[in-house]
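By letter and in written order, the chains are A, B, C and D; residue numbering begins at 1 in each of them.
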Amino acid sequence: MAYRQQLLPMEKVFRDPVHDYIYIQHQVILDLINTSEFQRLRRIKQLGTTSLTFHGAEHSRFGHCLGVYEITRRICDNFERNYPTQAPGDGGWDDHERLVALCAALLHDIGHGPYSHTFEHIFHTDHEALTVQILTSPETEVNQVLQQVSPDFPAQVAAVIQKTYPNPQVVQMISSQIDADRMDYLLRDSYFTGTNYGNFDLTRILRVMKPYQGGITFAMEGMHAVEDYIVSRFQMYMQVYFHPVSRSMEVILDRLLERANDLYQSHAVDAEATPVMLLPFFNNDFTLHDYLRLDDGVLNTYFSHWRDSRDQILADLATRFLDRRPLKSARVDETTQPLIPALQKLIEQAGFDAHYYTDTNDSYDLPYDAYDPKMKKPRTQIELQQKDGSLLELSTVSDLVRAITGKVSGDQRFFFPKEMLSENAESDLFKPIYQEFQQYILNDRLVVPH
Amino acid sequence: MAYRQQLLPMEKVFRDPVHDYIYIQHQVILDLINTSEFQRLRRIKQLGTTSLTFHGAEHSRFGHCLGVYEITRRICDNFERNYPTQAPGDGGWDDHERLVALCAALLHDIGHGPYSHTFEHIFHTDHEALTVQILTSPETEVNQVLQQVSPDFPAQVAAVIQKTYPNPQVVQMISSQIDADRMDYLLRDSYFTGTNYGNFDLTRILRVMKPYQGGITFAMEGMHAVEDYIVSRFQMYMQVYFHPVSRSMEVILDRLLERANDLYQSHAVDAEATPVMLLPFFNNDFTLHDYLRLDDGVLNTYFSHWRDSRDQILADLATRFLDRRPLKSARVDETTQPLIPALQKLIEQAGFDAHYYTDTNDSYDLPYDAYDPKMKKPRTQIELQQKDGSLLELSTVSDLVRAITGKVSGDQRFFFPKEMLSENAESDLFKPIYQEFQQYILNDRLVVPH
Amino acid sequence: MAYRQQLLPMEKVFRDPVHDYIYIQHQVILDLINTSEFQRLRRIKQLGTTSLTFHGAEHSRFGHCLGVYEITRRICDNFERNYPTQAPGDGGWDDHERLVALCAALLHDIGHGPYSHTFEHIFHTDHEALTVQILTSPETEVNQVLQQVSPDFPAQVAAVIQKTYPNPQVVQMISSQIDADRMDYLLRDSYFTGTNYGNFDLTRILRVMKPYQGGITFAMEGMHAVEDYIVSRFQMYMQVYFHPVSRSMEVILDRLLERANDLYQSHAVDAEATPVMLLPFFNNDFTLHDYLRLDDGVLNTYFSHWRDSRDQILADLATRFLDRRPLKSARVDETTQPLIPALQKLIEQAGFDAHYYTDTNDSYDLPYDAYDPKMKKPRTQIELQQKDGSLLELSTVSDLVRAITGKVSGDQRFFFPKEMLSENAESDLFKPIYQEFQQYILNDRLVVPH
Amino acid sequence: MAYRQQLLPMEKVFRDPVHDYIYIQHQVILDLINTSEFQRLRRIKQLGTTSLTFHGAEHSRFGHCLGVYEITRRICDNFERNYPTQAPGDGGWDDHERLVALCAALLHDIGHGPYSHTFEHIFHTDHEALTVQILTSPETEVNQVLQQVSPDFPAQVAAVIQKTYPNPQVVQMISSQIDADRMDYLLRDSYFTGTNYGNFDLTRILRVMKPYQGGITFAMEGMHAVEDYIVSRFQMYMQVYFHPVSRSMEVILDRLLERANDLYQSHAVDAEATPVMLLPFFNNDFTLHDYLRLDDGVLNTYFSHWRDSRDQILADLATRFLDRRPLKSARVDETTQPLIPALQKLIEQAGFDAHYYTDTNDSYDLPYDAYDPKMKKPRTQIELQQKDGSLLELSTVSDLVRAITGKVSGDQRFFFPKEMLSENAESDLFKPIYQEFQQYILNDRLVVPH
């Protein structure tokens, strides 16, 4: 039988805390899971520094990718059973699209590296481009599996992830404002952090999802379930993803990698602690193989070496990161931003290099948006279908969603060493500096001292 | 105020998926959590290779240690409120013991290293001895915090963990057949694997727990809750901890470390891949500092280097471990053990070094035992207290517990390369060897071929 | 010891699916639970006709009342431990208020009867007035228990429920926009319906709750938890409490009781089916004893008799209610309301008495409101407390809450017999009438037929 | 299309707290749910007096019946997908059996009345015979629906429930030691009581279930999941179903009905309180229609009338039942049974009629049994299937199951009025009697006084 259609003689399952079981039916999917590149996702945490705030959130990208696959599989099952296409262009579901959808779901995050966001910032890598490269480069095991389906299959899977695939139903399953990716990570991050803000009624949403010519729509009677999902997403951002302590640990990580890079460029790094696997990135000349060797443990291993560096700043930042010594922070807005230089001056006076020990970091997200053709990246809006077939955009019928539509949420914060907030530093030389600094902060915000 | 009594102005909480919140009230406890040695536990998985079978079980020892602390805190609260001592020796609870109990609970696993069981097997380290060393050696941050309570406090905490502390109530809280440690890990491992075999009614067990002169007892009316806990523990061993796939990954890990050590001893290791942080262990001459630098990520980083080794076996085992390519296995018993050499011979014929690619591994546990003074390590039996104060040993009143009392459970398995089970290896040179091999296996057991 | 202070020798617990355990510590509370009036709450469903839509929601008011008690107990524990009063008027918590708070929590719903809303509508009873009567009338067991505390204690408990008690902290615990009552019913109704819309983080909300002079406030850092509660409440109303099918069953119930009353007033009721326990209500002359004999089962028993009535309408409505044959409905607004008489005419033509078989019913709720002195019943707004002690009203800091503040939500619906939507009634005499009727309905709304 | 094959245009769902959603696909099933006889199950509690111990357990038989249907549906889906029959007698699943299985699952409890166990004891009704009558008697709506499928269909459904249906796969789905009925009630009763003893891994059990010639078997690898189910079942019996307080309330109920019957037979019942709907049962001459009018609320309504009876015993027992005033109890065994007459004598001396106020009640269950042809009702044993197709009986491979196989569990208890345990009855006339009585009880058992 063609590899494409090859089903496992006996369905295989993975026990999953979020979906109970994940069902693997195609040989292709099982083979992809068993590739070196996919197994590597076990060594990359899904939420990076968030586990330093929510200690339960130590789960890796591996489980999330399986989860996105599973949700996609359930969507396909529903579409195949209830909305099969009868004629081309009728808006029904063509189940020949199932395999490309499942592969794209499984592999959508395959290009992620350790501490992605920060790593990309310092070393100018791009996980989306790397995903495409992993899918299409003949050196990877993933590509070798996909090739067996057909020579153009790797490119098709890549097209889905890049949103250039012709069938919008497939694209929107994997990537839209309410897709398998977002649905899995909300439930999963909720479960592992132990908060329940990210909970919503997955079964009901899957039930009201329907294909149509323009992609995917939701039956009107499911409006409140969709609304609940949007609100859950908003709350996870507010309460978990934007948590100031995790962001402060990311600031430390950013400065730590930057310092290492700066030292390397100025040939000042200790010989003993040469980070072999990072050199291609310091040299800005890396191969896919170099990239695929990295994971959280590799970076942490170098940090552990750097603890013993003769460079004080490198050693101190590495220690702060590994031993979880977060910076403190306060909210800033346009009015109070001009105060930052004065604060940085005080921080320098207290003995810190202000460049490596402070940051202004904004965490903003657009919880939901209706389609706006003038935007750089207009989002596919969420459409609800009435009984007579007509569509209504979500925010026109939900007060809650309208309240957060098109608004950026989150805050901007100024991060600084915890030492600046010392209170009982009786004998401390820097006491007057600390006291002056503290006058700038009230109710978690920067203020003009009076 | 004395450091010992210093309470946080505002109780601090950690969000925990198992206990909802973990409440920190003492400055001492918060300071211990913030030590370098304790934060390191974030980088050591609680269940080692089990996460390769149950992908959700990626949680670290950090959360478990907080959980054991939290259960101990709740036991102390209950004992203080309901059973305070009135006179020395009356069997009541003396709340002056609270701090030593909490510290011992929090730190009982502080000496664990990466993949403890296997690592100890190859390098002859001992996590219990290391725990004591971390508590009592002046070089650690943990010791420095404990010292502040009183000079003999580190030794007291160590005594609890070593079970030599005079008050049996404190010892049994942390270490007995139904202690805070076991109760937390059953619930936690259950949660993260996504199975529910480890669930039992923690609140009810805490309610029926009572101090007495001999340690800790349980009110008779709680018998079924205690029974349920014992059965849950048994089932977690059978279904999760003894899972053949995880054990096979542990076999690979064991052989991988052994091979590296063998190569090092014979000076055959590649220069490029010198595992700097492992050298003290290869040389059998390591300091506490050396030990504390290790974690899962450090070992995995070396494995990643070893993938590229010129030594075929080292490279292959490293790849099998990192890419999760488990061995297969079959049950063995006394009758069929004599068949193993013949099987190993076939495995050699198929091109594998039988030493590095097979193992016979038994997973046995004593789910519960009544006290038996003739045993090497007699266990503290579980006592139920009747209304008139008399005690009954658990297995005398529970049929279920009696069924598994004093019996070792688990199985013995022979592990071998998956290749030996190839079926459609039409063109394969080794086909006849595989076929002969397969005649030895029926219904997951070794059998005499007919 | 004074009865007021009498604690149970051993705390008593009730196993509860929502709060795990409910802890009873005072003899007074246990005695109240054991009164005839309180036990009667077991025979009155918490959600009336909602169980006909969500079949799991068959829970009674008994469990809810225990739950409100338990949340109140936990609030008191928190206030006593963390915010005890030091001097009169300092805004701290005076734990002498605990017992009155606990009793008011436990008894706040004691005056509820079967299918309260509808019953009150037809028979002009008032469950709030009846609650006060049960507390203060010497004939009840509840009053006899409360009297033992002190002669004025029944009146104090009643004052809390009537919001005239001097201490606003006690009043707001039991009755405000975020009180023990609402918190319990959201969690409980969520659990029993099997939806999760009503879930919110109770533990966190209890942690950030604080007493102050004006009543109860919430620490600023708990803003998102409070927001989540408001949104959950909104969603439970939208998805559960306002469900059109439950409302249609309430319409039938209303018409059924009305018809029975009409028949009684015109002496047309069958002798056999004399509803002995309802007569005082038909005669509009009932005692407290008469009221306390009623429960869901008593009413259903009469309905069962009425099934066999010679009065066609009474028999049919009773059957529709007992056998769950809901009416259908469509949304109405100001524009389409004038269409209703035409629809009723068609319904009459199809053989139904439009008075007994249709209704226009609006389900509106104010999910949250800031204080507005011009309102008839201004609500206590939710205040958040910043670190420096200043207060902020919730909707000024939450976009989501602001979106639903002061807005009435819900919809207005026109209910009618399902028969009017018949489609394949080929041989039916009324087919043309049905067809005409159906032209008035599109996408779940009344429309002008075209 | 034939009514038998008629599928709903759009699958209908019921939200269920245990199974999340229950999926209705056949018009027949929907029509059965909408019958008067099935809707009546909403008014009969699943666990009778157990809700007086576990207040959450107020759920009715309605939800349970839907749950049994849903589990059966999932079994059929699995069998149809993975084990379809290829040739008659090959042990595969013939999906033409689906509808009869689903109907039998849904209707297996349709003959239950209020407080079945006790009611049957007093009035000699038989819920199994009544179930068959409801299915086969042309006067019921249920029969009218089933008739539409085919004239012999009602009898077929009845045969499944009576275990005389020729296909053992269908019979064992609904009724065996591990069937849809038991699986649903364990999960459901666990959920509503709020205990978790009844939890087991339903998804996994459904996965390992397989049809074969002899009925249903389980794949060997699922052994521990099946074992866990048996143990859960055992624990639910021990901790929930056999709870002494619920049993004592059942004793009161039994005596209350018996007293009413005795009074009626001796023409001593008050005219005012004539229990119209019970008369046919007092007269031992009832029709199916009479039976179907009964429900929990009807009985409670009569109890409420009887509270005011001039007969002291009837009034007192009714009050004890409605106001939940349980009897006390102590364990009895063969040795101590001869003490009971002496105790009853003391109880008489304290003013109680020993016949109506005491009972000796045993709660025994056989948690699991292997097949024993010598038994009156030999049970279908649970078979595990090995890879080569051979079968092993469960207790031969599970220590835990063997421990409870063929053993009756539970206890025998003597119930008596709580007054007998009075302690501080200083001024009480009966104090010496109470004191003598109390010498017979130690550690919850009858003992010979010393």
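Going forward, contacts are C-beta pairs under 8 Å (C-beta built on N, C-alpha and C of every residue); 3 or more make two chains touch, one makes a residue touch a chain.
Protein names from UniProt, one per chain: A, B, C, D = HD domain-containing protein.
Keep in mind that what you see is a predicted model, and the values were worked out from it rather than measured.
Novice: Most remote chain relative to chain D, going by C-alpha centroids?
Specialist: Centre of mass proxy via C-alpha means gives A as farthest from chain D.
Novice: Once the Cα atoms of chain A and chain C are superposed, what angle does the rotation have, between 0 and 180 degrees and to the nearest 5?
Specialist: So the copies are related by a turn of 180 degrees.
Novice: For chain A versus chain C, what separation do you get between their C-alpha means, in angstrom?
Specialist: 43
Novice: Measuring from the mean C-alpha position of chain A to the mean C-alpha position of chain D, what distance in angstrom results?
Specialist: The answer is 51 Å.
Novice: Would you kindly tell me how far, in whole Å, the mean C-alpha position of chain B lies from that of chain A?
Specialist: The mean C-alpha positions of chain A and chain B differ by 32 Å.
Novice: What parts of chain A, by residue number, touch at least two of the other chains?
Specialist: Residues 20, 195 of chain A touch two or more partner chains.
Novice: List the residues on chain A that touch chain D in their complex, please.
Specialist: By the definition above, chain A touches chain D via 13, 20-21, 203, 207.
Novice: Which of the residues in chain C end up touching chain D in this complex?
Specialist: On the chain C side, the touching residues are 14-18, 20, 34-36, 39-40, 42-43, 51-52, 54-56, 58-60, 62-63, 66, 191-195, 276-277, 293, 295-298, 300-301, 304, 319, 322-325.
Novice: Inside the complex, what are the residues of chain B that reach chain D?
Specialist: 195-197, 199-201, 220, 224, 227-228, 231, 234-235, 238-239, 386-388, 390, 399-400, 402-404, 407, 409, 442-444
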